[in-house]
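Look at the two complexes coming up: chain A is in both, with chain B in one and chain C in the other.
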Partner chain A sequence: MKKTADAVIIGGGVNGVSIAYNLAKRGLTNICVLERNFLASGATGRCGAGVRAQWGTEMNLRMSMASVRMFENMNEELDYDDDIEFNQGGYLLLAYTEAGWEQFKKNVALQKAHGLQVELLTPAEAKEVVPHLNTEQLLGATYCPTDGHCNPFKVTDAYAKAARRLGVEIYTNTTVTGIERDGDRIQGVHTDRGYVSTPVVVNAAGGWSQDVAAMVGLEIPTHSERHQILITEPVEPMQRPMVMSFHHNLYCQQTPHGSFIMGLGDPTEKPGYNMEASWQFLEEMAEKITWLLPPLRHIRVVRQWAGLYNMTPDRTPILGPVEEVPGFYLACGFSGHGFMIAPMVGVLLAQSILGQKTEIPIEPMSLGRFARGELFREPSVV
Partner chain B sequence: MGPDEKTIICRCEDLTLKRLRELIASGYTTVDEIKRISRAGMGPCQGRTCRALIEREIAAMTGVPIREQKPAKYRQPSRPVTFAAILGGEPREEDC
Partner chain C sequence: MRITDHPILQFEKGPKVTFTFDGQQLEGYEGEPIAAALHAAGIRTLSHSHVKKRPRGFFCAIGACSSCLMTVDGVPNVRVCVEKLRAGMRVETQQGKGVLR
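Moving on to the complex of A and B:
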């Protein structure tokens, strides 16, 4: 293992490797990524793979729109020898309450002002987009055709390979056990395989971000929460867009491979690190999905699993430097949507670490916003 | 076509022995990693045939004996089951 590095990134999920690639691309190549298991073994490899720009705050909208453009060109940009499988079949978001529908109208106005191609649809129009949708009780929907989904293992693999070609070292099966400080400044990182001396540490540890922050004596307002998901056998293509209902707290997409992937949020889930799949989830999912998309009744579930959302109080990530600990950077608290914005997270963190002007102002997303009381109000999350 | 191009390791997802060997050679040296990058073991049979074959090939190529390899996680449900059956609306296939 390296003895010294210009930066150490903790966490080999999609965000860790995106940050590493973007630093190396901008010239900081004596860096390494430390990952406890294997790449994408955390939330990244467990996620729903959805990529959407239909957000309700300007910040999430800008982050995700820029990332969608990067996914569109990623195979070429990263000179990938495989395919990230970015499939833009759109997202259909469903509204079942007056309040939800009013919010959608506001979101669409904001999204259009930012140049997003998005439409408000009547239930009949929604049914044209997804013919097997049950439109009972549906008030309306929004649809953005450039949203879609993308293979998270492949995206992580593509960034990791491109980063390695630029000289980045990626150490898997390597657990960070402590962070050394001298006064306030970062000195280095202890691992179960040795010590790396470095002035810069990036906390991209996903569901364990609060534990890594505690290694520098910092308390951050993130916690982890299990989210469950399942996949079915592959069947003939029948559903292009991701279907999402905030009211039912669920999402469901058909992958290019033919399987359906779907998940549910559980408002009663307690904070913690539990990643076991439960039978209750299977039953609740079966009930809701066969009501919403009735023909799925006869499709077989082949596998279910769970992963951790790393939540913040305003469901918006925490990005950038930490004033109290110079050299310590955060890229965590993605609150269930950290895959789709990872391309832009990598760019912003790299620019911030290198002291460059960031493409999108990063300060509003900093840890300091909580002390200042400048929270985001993102209305559109599952 | 060489013999290992014709030898299918994962029948559900069409992983050939040739591709498996390329993956192991390029650094994917656990069943979990190979599963995620190639889909091997993600099909309807959930790795019932390919898992052991992949472990054996990893052992042969990396020298790490199977008993020392980190076992891949088995995930529920153990057999494919329709949503209707989960809701109790139709008999489980294994029951018919």
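Moving on to the complex of A and C:
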């Protein structure tokens, strides 16, 4: 293991390896990624794999639009020997309440102002996009054809391979046990495999970001929350877009392989690290999805699992340096959409760490926003 | 040859009924697994592998292996080794991964 590094990234999820690649690409190659288990073993590999730009705040919108463009060219950009499987079948978002529909209109106005190709649809038009959709009680929908689905394992692998080619060391099965400081400033990282001296530490620890922050005495307003997913047997392609309802708190998409992948948010879920799959989820998911997409009555579930959302009070990530701890950077609190913005997170964190001008101002997404009371209030999260 | 004793599944052999296999009329006994009726009628190919399209036959016979997934009365991926035969059933060889309607 390295004795000294110019930066250490804690967390081998998609954001950790994206940051590592982007730092190395910009010349900072004496760096390493520390991962307790294996790459993508946390939220990345457990996520619903959706990629959308249909967000309700300018920051999430800009981050995700830029990331979609990067996913489109990622195989080439990273010279990947495989395929990240980016499939742009669109996202169909459903509105069931007047308040929800009004919010959609505002979102679409904002999205269009930023140049996103997105439309407000009547229930009949929504049924043209997804013919097997039950449009009962539906007030309207929004549809963006460039949203889609991508393989989180492959994206992580693509970034990791590209980073390694540039000289980045990635240590899996390596647990961070402490962070050394001299005064406030970062000095190095203790692991169960030795000590690495470094002036820069990036906290990309996903569901465990608050624990890593605590290692430098920092309390951050993130908490982890279990979210569950199931996947079915494959059938022939029949549904191109992701179907998502904030009212029912669910999403469902058919993967290129033919399986349907779907998840549900549970408002009663307590903060914690529980990643057990529950039968209650299976029953509720089955009941809701067979009402919304009736042909799914005849499909069988093959597997279910859970992962952690790392939530922030305004459901927007925390990015960038921490004023109180020089050398300590945050890339956490992704609130369930860390995978889809990882390409841009990597660019912004690398630029920030290297003291370059960031493509999108990241100060508004800093930890300091909570003390200043400048929250985003993202309305569109399942 | 007809499967009458199954080491795990219990089924009653009911009255003789007719059903169709890919449009062809066949006979079987109500309550026996669809696969038993197909086997007795000499049908050996139940499905095809997804990638190389190789024929797949009666294999695990307990609903675990996916070798006998067929479309029954329009529903894809029915495990015919554990699904009981009823009069008038429409059993079809599945195209690809099965079409959900």
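Rule of thumb we're sticking to: the second predicted complex is superposed on the first by the 382 of 382 C-alpha atoms of A that agree within 3 Å, B and C clash if a C-alpha of one lies under 4 Å from a C-alpha of the other, contacts with A are read in each partner's own complex, and residues count from 1 in each chain.
In the analysis below, contacts are C-beta pairs under 8 Å (C-beta built on N, C-alpha and C of every residue); 3 or more make two chains touch, one makes a residue touch a chain.
Since the model is a prediction, treat every value here as computed from it, not as a measurement.
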Which superposed partner A:T290 touches (first chain B, second chain C, both, neither): first
Partner chain(s) touched by A:M238 [first = chain B, second = chain C, both, neither]: second
A:A66 touches, of chain B and chain C: first, second, both or neither? neither
Which of chain B and chain C A:I299 touches, first, second, both or neither: both
Chain B versus chain C as contact partner of A:G258, first or second or both or neither: second
Per-residue contact with chain A, leading partner among chain C and chain B: B
Touching partner for A:L354 - first (chain B), second (chain C), both, neither: neither
Where chain A meets both chain C and chain B, residue numbers: 233-234, 296, 298-300
Chain A-facing residues of chain C, complex: 50, 75-77, 95-101
Parts of chain A lying in touch with chain C, wherever the complex brings them together: 233-236, 238, 258, 295-296, 298-300
Touch list for chain B against partner chain A, complex: 30, 32-33, 36-37, 39, 42-44, 46, 75-77, 80-84, 86-87, 89
Complex contacts: residues of chain A adjacent to chain B: 38-41, 45, 153-154, 157, 231, 233-234, 257, 277, 279, 282-283, 285-287, 289-290, 296-305
